[in-house]
Structures are given as structure tokens and as C-alpha cells.
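Take a look at these structures.
The following pair of complexes shares a single chain, chain A, combined with chain B in the former and chain C in the latter.
Let's look at the complex of A and B:
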């Protein structure tokens, strides 16, 4: 099945790009997590739960929120035919390191930290925010161009009669956020940007 | 196209082969034991199902001299045992490895001080060690989707086989019992200090378990090509509750959607349900509501959690294999730990292991992040 990329949003090195256009740039001295909060404020998003999220979830939440702005998927109308398929290399290691400190000499494990030691929580946050009841899977791979991941997304479209999918890379580890998420659908015009391995690799650059 | 279970293995405290595990379960044995808090350095005593390290080492040393962490040893040994009597070429370009795990090598995690190196804790690193052990050079895929990882990995295998780009997919699910995980579940007050009691009135939480389980899936074009007794993954669904990140939906909405999707397509004769059944108050209640909503309240239902504990990333695949073997043996397995109904919508919980002609079953899992997965297994008739 031919799929096309409708929109894409990238968060990298304290900057945010929508369809390749720079829409946000934080000063380089800012830490990545402070810059995520600044990005949140710059988009005038009203969602206090954002501040409780770990950094991986903040990264994915923002990338997807900005991606979905001005689309029919934005908001709390229940959606059953949208899939979310994300990939990264560090899983939840950034928060794993935070949690580890809470079970050392000063033993005081916290459930609100522990829950984020699962990378798929970011998809839970996105699903709650926009009421996505459809399929979602968190994949991990040391490579961005994991071919099986793209094979999976294609087949999931065929099997599930999905209307849309939110697909891409969402990573955060040791003060580096790196996300590229795409909104994809079945292609109906030749002119649209095709969802193909090579297109994706070009977008990552 | 039909996706079938070609070969499998389970490694747990109940055995190092699927047969050993199934025999133990048939006789009502459990791998769950009591541990004092200082065993792991956590704050409270706990019950868990833990593989004996010396036994694992001695079994592993028969296949390799490599020094590897417990996680990789379990996973490699499980894949090795699963392929002993098969023609599956693990090194083939059209064989793909999928690793299903929540925390992998997390016990080796070091604190983030002066840029300590945690590269061996990356899940992709572990997946490569496992695939490369068998000479497979494809980039492996890891699925880390909380407690639904294992079933999600089986569903992923099905989808990938349907593309025609792969001949065999090796799904290996594994997780180890660590201070990291036990302390976390204790902080949620989710662990029981006794062997867990799924769906029972006295249930007080779950037990963590460690296991590695391997399922090798392959595809055929027509059902006729499959021998009687072969198990196929007939239908599947993955859904999200879109409700809460650390608790299941009170209404069972996400799980219901998944069940509804499966029951809508095809015939509805379900021989039994193998539930997630973790024995936490909320999970079992949510499942009872969803099963009843889907009209499944009279279908014989069990949970394997009191035999193996909650084996996290291995659970979906381990329990899928146990369900498949139940189908093949025409044996309904007793839901260990259950005495008296403890959910608001009573289910037909299996209280005695018994013979019965079985044709198909539903496997469900649910997890943190609001995720649910449902699989429908069918047996090729005689």
C-alpha cells in the first residue's frame, strides 16, 4: 500500500521544525528539558499534566501536539482508526537513571517516577490527550532505519483499515531530545510525499 | 495467509522446556516462592518466581562458554531449545529476531555520574547479542510495550510475515526479577506477600516472575498445508484505554474494544480464555467487566500468574505458548489461587484441571500506559 506523509514535526537540539520550517529556537545555553518547557509555552498549549511527565514523554507529547495542530485529529473527540507507532534507541533509560537514584542509599522509590520507566507511557499520554483508542506499539532499535519497523507500519495499515497513523522516532537521553514524528495516511495523490524508507531517512537529516 | 506457531520453548523455575513447564503446571506446581526483603535490598518481603542461577549457568555452559548477563543467557538458551528439533535456519537473511522485554539488563544500570557508560543496558544492544549468537545479521526489533509486549511481539511477527519479506520470525520474550522492578511495584503497593490469587476475593496483588519464552512463527498460504493440531494466530487486536497511565480503565473500554473486534470477525466459538489475571484488585475487576461486556462471562477462564508470577515482557508470549499447548492437549488448566469470586461481574473461572475438546482460545493482556492486546488462537482440526 502506498502511504504518504501529510505533515512532519521535528524536535532536536533545542529547536523545533514543522514540515522542515524552523518554528522554535531556544538559546543554546538552555538545557534540553528547560527548552521543552519553553517550546510548550511558545505554542500556548494548556495542559497542566505536561509538567508531571518525564522528559521522554514531554518530547513525544510536544512533537505530536504540534504535528496535530490544525488537523481533524486534534482534541478530545474519540478516535478509533489512528495508530501510533514509535521507535527509539534508549527506551526509557533517561528516567531509569533517575529512578535508580531513588533506590540507592536514600531508599525512597516513587510510583510517579517508576511508571515512566516504560517507554510506551509516552503513547499513553498522547492517547489520553487526543483520545486515541487505536493500536499503539513502542519499538526499540539501535538504528533509526530499522526496516522491519517500516514493514510493520505498512502492514498495519492494510490489516486495520486505519485512516491515519502517527509514526516516528522519539528519544530523550541525558539532555538530548531527538524526535521526528510524521502524520501518515493512505496516498491518494501522486504528488504527495511518499512514506518510504528513503524519504524518512532524508527527513532525519 | 495463515500464521502458525512452528516451534516454542519456555524457561522458568518450572522447567527448561515447554513440556517440563506444562507438566509442572498440570500437577499444580508453582514457581513462586517467598523472599525476605534483604534478598534484593527492598523495603518489604515479597513473593516471586525466580530462576536458580546455578542451574541456569550449568545449562547455559552446555551450549556456550560466553560470559553473559542472566537476561541474555535465559533468552539465548530459550531460543536454542526452541530450535533443537526444527529446520529453522536462524542465521538466514529471511529470519528476523524480535525481542520482547520491559527492562532487559536493567540490573546493570549505573548511576548517571561523570558520564558513566550504560551502553550494555540499551535494549537494542541485548537484542543484537542474542541475534548474533545465532549468526543472524538482520537488525533485530525490540518491543517494549509494558505488560502487553509479548503478545504485541507475536502480533508484530504475524504482520511482518504477511509482507512476504520474512520466512521465520523468532519472538523471544524475557525479563529478570530485579531490585529495580520489585521496588517499583512495591511503591505502587501492587505486590502480594503471598502467592497471588487471580480473580479471587482475597487477592492482594501480583508476584513478579522471571522467564524466557520463545515462539517461532511462520506462514503458509492455505490451511491444508498445516498438520492437525497446529496452532494459528487467527485474529488479533491492540487498543489503548486513553484514560490513565498507571491504572486500567474502570470501564474496561480498551480491552472491550479489542475483544469486540476479534469476536466480530469470524465464528465465535471460544473454548477458553487465558486472561491477564495479575491478581491486582483493579486489573482483574477491569477484565471481568470487559469480558462480561463482550458476552464472554460463561467461557471457561484462567490465569497462569500463580504458576509463573507476572513475567512482564515474557508474559504474553509465555502464556500464549501455554494456551497453545492446552489447546493441543485438550486440557483446561486450573486457575491456581482461585477459591471464591472476587470481581463484580462473576466469571467462569476454571477450578479444576480437566480434559475437554478444545478448538480455540482468546489470550488477553493489559498494561501500564493503558495498553491492551488480544489474540485469538485456533487449532487446526484433526
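Let's look at the complex of A and C:
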């Protein structure tokens, strides 16, 4: 089955790109965490829970929120036909380390940090925000171009009633955000950007 | 009591990452959960940890939390009566 990429959004090096166009650039001296908050404010998003998320969830939340702007998937109408398929190489290690630091001599681990010590929580935050009830899975892989992962996405379109999928890389580790998320659907026209090996490799460049 | 109330507001804003909120925004009687500050169940756990870590209070019965965490004022009253540190 042929799939096509409708839109893509990238967050990297304190900048954000939508369909390849630079829509946000923060100062390079800013920490990645502060840059994410600046990006959130620049999009005029009103979602106070954003500030409670860990940095991986903030990265994925923002990338997907910007990706879905001006699409029928944006908003809180329940959606059962959209899957979320993400991967990264650092899992939730950044938050795991923060969590470890909250455990002192008298043992007072932080519950609000603990809840983010799994990478798939980012998909939970995205699903809560946009009311997605479709399939989701988070892979941990050393490489962005893990084609077993992309084969899985293709298979999911064959096996399920999926109309759309949010697919891509969402990583955060030690002040480095790196996300590229794509909105995928079954191909209607030959002219659409095909979801295939070369396209994925080009987008990740 | 007023000193404890300000201390509590400051600490709650810090540990719960209430980014856009200042101590002036939190009324002493405002509900902490639901329509007030909009805290959730994870925040409740964080408040329980805060009570134990900063004031040496261990909540033995989770149901007590409903009354204690109604507002900053109820929290401050409970802490001032039961603190061990």
C-alpha cells in the first residue's frame, strides 16, 4: 500500500521547521528547555499542563501540535482513526536521571517526575490533548532510519481502519531536542510526497 | 501563619511547575483541585511528599487528604498543628 506524507514538522537546534520552512528560531545560547517554552509561547497555545511535562513530552507535544495546526485532527473531538508511531534512541533517560536526583538520603522520590520515566508517555500527552484513541507504539532504536519501524507503520495501515498516522522521531537528552514528525495517510494522488525510504532519509537530513 | 502560607505557595508553585502562576494569584481559600488551581492526582502525591519532606508529616490515611488539601489555608492549618520539623 502506498502512503503519503501530508505535512512534517521538525524541532532541532532551538529551531522549528514546518514542511521545511523555518517558523521559529530561538537564541542558540538558550537552553533547549527554555527554547521549548519560548516556542510554546510563540504559538499562543493555551495548555497549562505543558509546563508539568518532562522535556521529551514537551518536545513531542509541540512538534505534533504544530504539525496538526489547520488540519481536521487538531482539537478535542474524539478521533478513532489515527495512529501514533514514534521512536527515539534515548528513551526517557533524561528524565530517569532527573528522577534519580530527586531521591535523597531520606528517600523522597518525586511522583511528578516519576510519571515521565517511560518514553511512551509523550504519546499519552499527545493523545490526551487531541483525543486520539487509535493504535500507538513507541520504539527505541539507535538509528533514525530503522526501516523495520517504517514497515510496521505500513503494516498497521493494512491491518487497521487507520486513516491517518503521526509518525517519526522524538528525542530529548541532556539539553538536546530532536524531533521530526510526519502526518501520513493512504496515498490519493501520484503527486503527493511518498512515505518511502528516500523521502524519510531526505527529511531527516 | 501568614509566613507559612507564603512559604507553602512558593513551594507549591516550584514543585508543581505552575509556570504562569505567582503567589498573588493563589487565594488562601481557593480550591487547589478542580476549578481552582486545577491540580491532578499526581500533584496530590507531590503534596503528600512535600508535607513529609518539609514538615515531617506522614499522612496515614489517604482520605485525610481531601480535607487537608482543600486550600492553602487548610494545608497551613494542618501543618502548623502537626509539623514535626
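Criterion: the second predicted complex is superposed on the first by the 203 of 205 C-alpha atoms of A that agree within 3 Å, B and C clash if a C-alpha of one lies under 4 Å from a C-alpha of the other, contacts with A are read in each partner's own complex, and residues count from 1 in each chain.
Just so it is clear, a residue touches a chain if its C-beta (ideal position, glycine included) is under 8 Å from a C-beta of that chain, and two chains touch if they have at least 3 such contacts.
All values derive from a computational prediction rather than experimental measurement.
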item	value
Chain C versus chain B on the shared chain A, clash or fit after superposition	fit
Partner chain(s) touched by A:140 [first = chain B, second = chain C, both, neither]	first
First, second, both or neither for A:132, with chain B first and chain C second	first
Chain C versus chain B, contacts on chain A by residue	B
Geometry of the superposed three-chain model: angle at chain A (Cα centres of chain B and chain C, steps of 10 degrees)	80
Chain B versus chain C as contact partner of A:51, first or second or both or neither	second
Partner chain(s) touched by A:89 [first = chain B, second = chain C, both, neither]	first
Which superposed partner A:111 touches (first chain B, second chain C, both, neither)	both
Overlay on shared chain A, then closest C-alpha pair between chain B and chain C (Å)	7
Touching both chain B and chain C, residues of chain A	109-111, 115
Complex contact set, residues of chain C against chain A	15-20, 38, 42-43, 45-46, 49, 52-53
Interface residues, chain B side, partner chain A - complex	41-43, 96, 98, 102-104, 106, 109, 111-112, 118, 121-125, 127-128, 138-146, 152, 156, 159-160, 162-163, 165, 179-180, 183-188, 237-246, 253-254, 257, 367-371
Interface residues, chain A side, partner chain C - complex	37, 48, 51-52, 106, 108-112, 115
Contact footprint of chain B on chain A as seen in their complex	78, 80, 84, 89-93, 96-97, 99-101, 103-104, 107, 109-111, 114-115, 117-121, 123-125, 127-128, 130-143, 146-149, 151-152, 154-156, 158-159, 174
